[in-house]
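What follows is chain A paired twice: with chain B in the first complex and chain C in the second.
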Partner chain A sequence: MATLLEIENLQTHFFTSAGVVKAVDGVSYTVDEGETVAVVGESGCGKSVTAMSILRLIPWPPGKIVGGSIKFDGQDLLQLTEEEMRNIRGRDIGMIFQEPMTSLNPVLTIGLQLTETLMAHTDITAKKANERAVELLGMVGISEPERRLVQYPHHLSGGMRQRVVIAMALSCDPKLIIADEPTTALDVTIQAQILELMKDLTKRLGVAMIVITHNLGVVARYADRVNVMYAGRIIESGSAQDIYYNPKHPYTLALLKSVPRMDQARQAKLDPVDGQPPDLSQLDAGCSFRARCRFATAKCAQEYPALEKVSDTQYAACWEKDNLEEKAS
Partner chain B sequence: MIKYLIKRLMLLFPTLLGAAILVFFLLRLVPGDVCEIRLAGTGLYADPAEIELCRKDLGLDQPIFVQFFQFLWGYVTLDLGKSMWTGAPITHEISLRFHLTLQVALMSTFVAIIIAIPFGIISAVKQNTWIDYIVRWFAIAGIAMPSFWLGILIILGLLIGTQEFFGEPWMPPIQFKPIWEDPVWNISQLIWPAVATGYRYSAVATRMTRSALLEVLREDYVRTARAKGLVEKVIINRHALKNALLPVVTIISIEFAFLMGGLVVTEQVFNLNGLGRLFVESVGAQDFNMTQQLVMLVVLIFVMMNFFVDILYAWLDPRIRYS
Partner chain C sequence: MRGSIRAFVTVEDTGMVTVSEIQVEEQFEDLSPKTTFMGMISLMLRKQPLGSFGAVIVIAMVFMAVFAEILTSIDPEDNNLEYMLTAPGEMFFLGTDQFGRDLLTRIIYGARTALFVGFTCAIIGSSLGLVLGVASAYFGGMFDLIIQRVVDVIMAFPLIILALAVVATLGPGVENVIIAITIPFIPQCARVVRSNALAIREIPYIDAARALGFSHVRIIMRHMVPNVMAPFLIMLTSFLGQAILLEASLSYLGMGVQEPTAAWGLMLQGGAEEYAESAPWVAVWPGIAISLAVFGFNLFGDAVRDTLDPKLRSQ
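Moving on, here comes the complex of A and B:
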């Protein structure tokens, strides 16, 4: 499969009064056409900032993409004008956000919010756009789609709203969908339904997808590849199999140990790894995970390990990656 | 919804009753009455017998509760009574001035809206740029500047400006003519007080528009709109503004209600014979009847404005369903 998205050494920093927050600091990964790639990691590790950087929606001030490139479909998004970028948003790249309760506009009808994306990017007539909206709502499993068009978001449940958001993201037949924790805010039973729906639709329509989550368990069954993120960097990447059965980074290992199960309420969110993530404005030259790492050596304090190949499909950024198994036992 | 609105309307009655009690008894706490002022107000000696006669004539000699119930009964039967000062029917005195005050209030509100909304939007969208600073400065100046002073400045500015440009000074007309008699005359007289008060009232609304919009622009659904690739104009006008308008509507309608009763100083400066002046005169003359009815009128306007705002809310925000 051809590469659709290629992020290289992306750096997005926030210039705050407390210092420069290096929210994303050298992230590289690729997404092939039609592929589902997961990005996992604790809260605050820079997953959302990476996603918003792809769409170039980082608010300045205080945030700014200070380095790297984002090649999408042959062009570097960071070189586009604002207008060219706007044409990509919503048309070629659809976005699904975490909070279905707040990500739809409360005072506009579902129909308007669905059709406006179409109207903004194509020459479609209002009537045709309405027909398309009905079709989209049907596609995401919403009953009585015609009636929904004139309803407002507060008439729908959280799961329904997220279906509407998915329909919105799919409306212009995008090549890529970025879903930022699409199910975190939903009930457990609904979570599975929504994930199934997204998997089904992306496979059927051949859309590539980046799924952001902090739940490795959820992702294992939906993603082709997984990128594990820690403190603004990718620290391990590989196929879902690699990550699940053969992790090569101590952080991944720790994450896997306390994977929340689907039958647990989301309130029972475990802090998966002992200790606190580092302050992103105070990073030094060493490995950012070493303070919480039981495998850490003197070397880890001096130099950040590069993301290196461990197998054809798997990469890890750890000085001890080859010694994990014997040390763990 | 309808049920709620009817319930709201019903609240009008206890509110009016409370206002009636308050104004009636508070007025009578002040020593003296209209008869003393009329007959002895100049400081000359007045015949106590004559004062007594005057009181009897106006019904002021009756027990206070009898007077109160006469006032209430009159109000309920829409017989507002006569001015104790001029003897003219109060309905007549008020209707003479009501449309002038209403027109100035409407025009001021209009001026306030056309200043506040665009300036508030620009200021929020261009937050922390020089445009924002100018707008904020302009708004603070409006709050700091008393509108009568601005009124005097406007009159002076008109006199000096026209003198410079046309060689002879021009003054807005002094005599009031209703808009249906002579629209040009009417507008050229009333536009100046409307600008003076409208500017002042725009200041609060501008700041409100700015802060409400800034808040809304941080909302998730605005981020969603951006991610859909909409142009900034649509994001502001369609997605943000309608959500930001609720507090602005509240401020503007409260201000409108204030304008209907509180244009005292501006009317003085521009020599307008409106409700504000009637208010001051009736209080000065201890014309209880007139003051009472004016207060009742302002209370009625306030309640109706609240009612109107409720309806507007439901229209702006589909989540609001009164029950």
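Moving on, here comes the complex of A and C:
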């Protein structure tokens, strides 16, 4: 399938009084049309900053995209003017935020917020926009959509609000949706519903999606491809199958061992990843994971390993990637 | 309640979400019973007795200003030298001034001047401050820094000094008095609104609005301004009293409204100096009018603040 989004060597740095924080430092990945790509990693590894960089919503100061390119649908987003960028946001790229409680404006009705997006990006009459809003609410599984239009966000539960946010993201038929931890703030039963809904809608409408998450269960079930990030870089990339059953980076391996799995004995001990992620303003030339890595060698301190091909679909950035299996056992 | 649950069975696929959502809704509807107008008034009298008193004064003033022609048939600017400095009595309820003008009439027409200046200054000043404050918080960085330093400079002047300086530059007259009073209000409101808007700025729905591709103007006017309405209304009502007092002060100092227009500050000035002993009513009535008006607007403003501030409301 055709490539929709191509991120090349993206570098987003934050210039703080404590030094330059390299939140995203050389990230490259692609998203094909209609594909769901997951970006996984722990807090502060640059997942969200990458997403905000795509929309060019990094607040300056202190943040700035200092290098790389983001090609979306044939044009480099980093070369566009602010005006052109504004037309892409919301129309071609939708965004779903983490907190449905706070990502809707409390003083505006649901209907107003939905139609506002439509009317800002398309030449649609107020009446048509209203009809479309009802249709969208029905599509995301909200009961009595006509009545919801005049309600305020506090009338709805968290799950329903997230449905409204999804409806807003889908309103202008975008080509890509960026979901930044869409289910983190919801309880588990609702999480499953929302994820099902998102999977179903993206498949039906042929929308590509970037799911940012730290929930590996989400990844295994919903993503076609997975990028694992650590300290501002992608350290492993592959299909959900590759990552889940055949991890080639010690960090991915450690992450998988730290979550309970259905296919293991119930008494199996969880193995947390020791230590803290490194200070992103104090990175050296070596591998950023080596301090927490069980397989670290002398070479890891000298040079950062490049993201190299392991198989047709899988890439990993580790000097020991070929020896990982025997060492781990 | 039963109808709502039935709706969930037909439309929703899982139970918990919809049930909790319906409960919330029912609760919400129960909490806002259909109150009658009289019911609302009695509630306000109980909850905000002082505020109600203030509201009565405000309403009385507005009534006087609007229906001045009906309330009195005398021309407020009509000199009647035959009845100079008549004491309050049957013929002139509040007496007359040194030109024989009926004081009651001039007090009634003075309310018009006071309210016109008060509302114009308060609304323009606080609205400009609102937009400036929200924009300052929204854009941040250099823009915020420059705006806030300008605000600091203007706020360093006492209100009356700054107003005097503006009038001294522009000259007296109602329009210039309005400009002179409005200018010091803008930074005051901007400062208060900005601090509230800074908190709003950090809530994800503003980022969400940007991610939806809205322009800065739209985000500021549509998404941020409605969220800072509470502090804005508090500033607006407190400005009303201040503006009336300032207008009276400027007029008293001879820098504001000019004769023969009926204005309370001007009436006070005309009466206080020469007739304090021989005809005290000339100065007393406008003085009382000014005090009552400012008192009423401030009480009313406090009540508005208490009603809009959830922290105070729960007590």
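As a convention for this text, the second predicted complex is superposed on the first by the 316 of 329 C-alpha atoms of A that agree within 3 Å, B and C clash if a C-alpha of one lies under 4 Å from a C-alpha of the other, contacts with A are read in each partner's own complex, and residues count from 1 in each chain.
Simple rule for what comes next: a residue touches a chain if its C-beta (ideal position, glycine included) is under 8 Å from a C-beta of that chain, and two chains touch if they have at least 3 such contacts.
If you're wondering where the values come from, they're calculated on a predicted model, not measured in any experiment.
Partners chain B and chain C clash in the overlay (superposition on chain A). Of the two partner chains, chain C is the only one touched by A:193; chain B is not.
Residue contacts after overlaying the shared chain place A:143 against chain C, while chain B stays out of touching range.
Of the two partner chains placed around the shared chain by superposition, chain C is the only one that A:160 touches, whereas chain B remains out of contact.
When the two structures are aligned on the shared chain, A:97 is found in touch with chain B and with chain C.
Residue contacts after overlaying the shared chain place A:277 against neither chain B nor chain C.
By the touch criterion stated above, A:111 is placed in contact with neither chain B nor chain C.
Measured by the number of chain A residues touched, the leading partner among chain B and chain C is C.
The clash between chain B and chain C in the overlaid arrangement falls on one stretch of those listed (42-50, 60-68, 78-86 or 240-248), that is 240-248. Residues common to the contacts of chain A with chain B and with chain C across the two structures: 55, 57, 86-91, 95, 97, 99, 102-108, 116-117, 120-121, 165, 168.
Within the complex formed with chain A, the chain B residues making contact are 219-221, 223-231, 234, 238-239, 242-243, 316-319. By the touch criterion stated above, chain C contacts chain A in their complex at residues 7-8, 11-14, 16-18, 20-21, 24-25, 28, 140-141, 203-205, 207-215, 218, 222-223, 226-227, 229. Here chain A touches chain B in the complex through residues 55, 57, 86-91, 95, 97, 99, 102-108, 116-117, 120-121, 152, 154, 165, 168, going by the rule given at the top. Those residues of chain A that touch chain C in the complex are listed here as 55, 57, 59-61, 86-91, 94-95, 97-99, 102-108, 116-117, 120-121, 141, 143-144, 155-157, 159-160, 165, 168, 189-190, 193.
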